Amino acid sequence: MTPIARTPIPDIATLPEDIRTRILTVQEKSGFIPNVFLMLAHRPAEFRAFMAYHDTLMDKAEGLSKAEREMIVVAVSSRNQCQYCVVAHGAILRIRAKNPLIADQVAANWRKADITDKQRAMLDFAMKVTDRANEVNDADHDAMRAAGFDDEAIWDIAAIAAFFGMSNRLANVSSLRPNNEFYAMGRG
Amino acid sequence: MTPIARTPIPDIATLPEDIRTRILTVQEKSGFIPNVFLMLAHRPAEFRAFMAYHDTLMDKAEGLSKAEREMIVVAVSSRNQCQYCVVAHGAILRIRAKNPLIADQVAANWRKADITDKQRAMLDFAMKVTDRANEVNDADHDAMRAAGFDDEAIWDIAAIAAFFGMSNRLANVSSLRPNNEFYAMGRG
Amino acid sequence: MTPIARTPIPDIATLPEDIRTRILTVQEKSGFIPNVFLMLAHRPAEFRAFMAYHDTLMDKAEGLSKAEREMIVVAVSSRNQCQYCVVAHGAILRIRAKNPLIADQVAANWRKADITDKQRAMLDFAMKVTDRANEVNDADHDAMRAAGFDDEAIWDIAAIAAFFGMSNRLANVSSLRPNNEFYAMGRG
Amino acid sequence: MTPIARTPIPDIATLPEDIRTRILTVQEKSGFIPNVFLMLAHRPAEFRAFMAYHDTLMDKAEGLSKAEREMIVVAVSSRNQCQYCVVAHGAILRIRAKNPLIADQVAANWRKADITDKQRAMLDFAMKVTDRANEVNDADHDAMRAAGFDDEAIWDIAAIAAFFGMSNRLANVSSLRPNNEFYAMGRG
Amino acid sequence: MTPIARTPIPDIATLPEDIRTRILTVQEKSGFIPNVFLMLAHRPAEFRAFMAYHDTLMDKAEGLSKAEREMIVVAVSSRNQCQYCVVAHGAILRIRAKNPLIADQVAANWRKADITDKQRAMLDFAMKVTDRANEVNDADHDAMRAAGFDDEAIWDIAAIAAFFGMSNRLANVSSLRPNNEFYAMGRG
Amino acid sequence: MTPIARTPIPDIATLPEDIRTRILTVQEKSGFIPNVFLMLAHRPAEFRAFMAYHDTLMDKAEGLSKAEREMIVVAVSSRNQCQYCVVAHGAILRIRAKNPLIADQVAANWRKADITDKQRAMLDFAMKVTDRANEVNDADHDAMRAAGFDDEAIWDIAAIAAFFGMSNRLANVSSLRPNNEFYAMGRG
């Protein structure tokens, strides 16, 4: 079988306390350790910054729902052909949205997914940030406000798209392998 | 719910005998009618030509395995963002390959899928036919022969990529909706 | 001289009856055998499906004129850099349109050709189907209806663009050579 | 009929002596005034610089043949979808090469044209200059020398590609119309 | 004058202690507050994660030099048309490299900059991560090792490219304005 | 140090009188000989045509200001990654606009530069001419007239974009090196 990633995979027992705890907590909750934790653990300072950034963007209670945040991740990761992120966050999206179809729809072509018009505007904007952030202008911000998003939500969408654009690049360069467990999760 | 497709969906009872029989046969075998049959049925002559072309390319016993033919379909359809084809042929690929992971891997990034080097060469070529057939040259044919494909297999790969490039365009223009049944098929 | 195509070119005498008849009929009518028939003849089942599909799309009496159908073929084939299709269908377009200039105009830049605004809308849509069918949406369909096309004509345009996208890929992969006769046909 | 170009078309009688003479000379030689002369005449200083540049690149006796220089023009102009340049220089290429097929072949897909390997290397380089001059490097120059071109010829190829890249943009912005006479010239 | 950014710019006095300290420290060192600090301060948790990530990637003593890390930032930011990052990190690059020309060279076309072959290999890889991380494969890693980079350095290059890809998107979406001070810094 | 260019650099003393004079004049005025003059001097006829074309487009008194003409050059040259032209014309732009920031802003992302809305419309059009002149149409001309440009100014913008597109290609193919003097000029 393909290895988890190109990077060295440290022995969990040897990791700094806070990182080991984080990993054991996610393992307890999920039943397995998502490989991204193992890929990043060889760089403790980057691990901590990555997770802190991830958590503040993805676990926020106000504004976008958690399912909507995951929709952005799946759409961006599919565009960037990041196998790990499409598979792992596809699973999380199915669970968060309680919808076994949504992740495959968004990954294949978000424009045709069973989502609201407001969510489609959200993904259109996330994809412009992904592909052509250099062209984002007043008209895009106005369109987002017209679609019902306030400035905080617009920043969230852009920040999630930007953060996972980074994450997609790291995972692709490292050939990070999705855990087999993700594929069937949340399929109902 | 989103309709099956933009095209008029005929009443099966009113269809020409051969088309009705084909549809009822697939329904009996699958337990449901894949929506592509209903999308094409409003044009009987095109339905017949499409199915004849499909069957001769996909049901052939020699050369590529049936799972390999479906890998090409999934990779090309993901490139063309055809939701119907990714979802429906993803299901068929899982079943043909008896592998619940393969379709999502190929759809997300075929370069990272758990396939053989020969299969990767096959998909590299199929994607060049999809994206830049105008640049296919002697060196590509030589590389394919070096990878172990004879001229009949090379034609099969190109023809499957080309045929589903057509199919992807029809499904996208019509907003063809994948049947809900496909998502969970072959996930083991 | 460059061979007709990379594919094996069968002896016409050995071909199945229906294929030999089709080829001899076109030879009688045109004075020569267009090379695409020879390229496809090594695969009789694909030959039959291809021709059936071609004929139902291109020989239809209602809706688009035959010249308009050929305009789509020339524009799409030029975009895909298919030498055979540009040259062969350029000849057919000149004849169908009784216009010695039209094919070169459409091949070079359809936006500047001497065609009606409605025909320009037709080609704009055919090119979007060619390049970005994944982005075709309600607004495109509305624009086409506003330009005067009904749903049957819209499907015809999309289907012709999609079918010749397939044909272009096959011809490019096989390095199909246009017959010398095509270049001068219909130049008045 | 579409006008010659968006630009003001001056009365030949009112043009500066040298420009009028140049135009009347080409008219005498060709039997008609190629529209590009009329498009540029509203700017006498630009007309003179353009023609001086054109002549030194295209009328040179040493190195590339005149037919080869026109091949570059046709390939580059087709890539840039310049209707005027493809049609007008296609005619000149047919005449210079004494070959009624060559222009349509090069315009449709230069990779498949009936030209020598050395000429194909020449067009590959001209197209890289057209599309990605920013990436031209030592390896490209080495490959050109290996193909048999000296540094003077390499400059000629690049300069012709670059000059007609400019010319294509001017003609496209002005919607310059090819004279009807060009289409049939040199077709044998 | 254009505002600093679209985001709300908080009063420094009201910021959390650690963020205020960080900002006052950089102000003391540079003589001004780089606007990126003000843009991010409205989101304290993101500010902290961003800076922690930045510092661990950019202030590392081993492997790549600090000037080399800034070269990557300038090349990637120019590709992404991020005005803030090109101008601000261009200044830092000039200072770190003690070279008043290097930043403008790398921003305009890194392939032509006065850098070593090894540095050019570094930037080639950073740009592939930026543009096509989905295609990064064993051959790229082998080429980097052949160029003299170990696996730690390869990760650093990819991580810096990925992190600033994120940073570029945030700055572009927010129309972050470079401080006027940056333009002249390090020009010597 | 990298050589001035790949092309042979002639001894100024041996150049034709008019070219030597032109070069000595610019040297007297600037204090150094811009390398583009030395790159072109090996081809006297091309040198003369290039300079005549350049001067008539860039030194014109009516319509666009000289600073505006240089903005077009910098934006187009940055898009084409022409190091020489970005650095040299960046210097000229700073001087003509009496603005030490403008050139780096336009080079990094013209959409975010401190320019007027009319100037932004000018650069949007120049970039469309650069990237997609084949798609320029009536709507673009109408938009330009609505932005306040007459037909003479529209031609100037297109011609400057087209001319420097040529110049960028020549400089890139020749690896023309910017003189060190340019980098600091006009920085105030």
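For reference, chains read A, B, C, D, E and F in written order, and residue numbers begin at 1 within each chain.
What we mean here is this: a residue touches a chain if its C-beta (ideal position, glycine included) is under 8 Å from a C-beta of that chain, and two chains touch if they have at least 3 such contacts.
What you see is a predicted model, and the numbers here were worked out from it, not measured in a lab.
Any chain that touches chain A and also touches chain E is listed here: B, F. Note on connectivity: the fewest steps through touching chains from chain D to chain F is 1.
The chain pair with more C-beta contacts between its two chains, of B-D and A-B, is A-B. With every chain reduced to the mean of its CA atoms, the largest distance from chain D is reached by A. Of all chains, E has its CA centroid at the greatest distance from the CA centroid of chain C.
Simply put, chain B must spin 120° to overlay its Cα atoms on chain E, rounded in steps of 5. Distance between chain centres (mean CA atoms), chain B to chain C: 23 Å. Remark: chain B and chain F have CA centroids separated by 51 Å (rounded to whole angstrom). Distance from the chain C centre to the chain F centre is 44 Å, each centre being the mean of its Cα atoms. The residues of chain E that reach two or more other chains are 81-82, 109, 111, 134, 172, listed in rising order.
Contact between chains, per the stated criterion, is found for A-B, A-C, A-E, A-F, B-C, B-D, B-E, C-D, C-F, D-E, D-F, E-F.
Looking at the complex, you find that chain F touches chain E at residues 1-2, 77-78, 81-83, 86-87, 90, 100-101, 104-105, 107-109, 111-114, 172, 175, 177, 180, 183-184, 187-188. By the touch rule above, chain F contacts chain C in their complex via residues 134-135, 137. Those residues of chain B lying in contact with chain E across their complex are 109, 111. Listing the residues of chain B that touch chain C in their complex gives 6-8, 43, 45-46, 48-50, 52-53, 56-57, 80-82, 129-130, 133-134, 136, 141, 151, 154-155, 158-159, 161-163, 165-170, 172-174.
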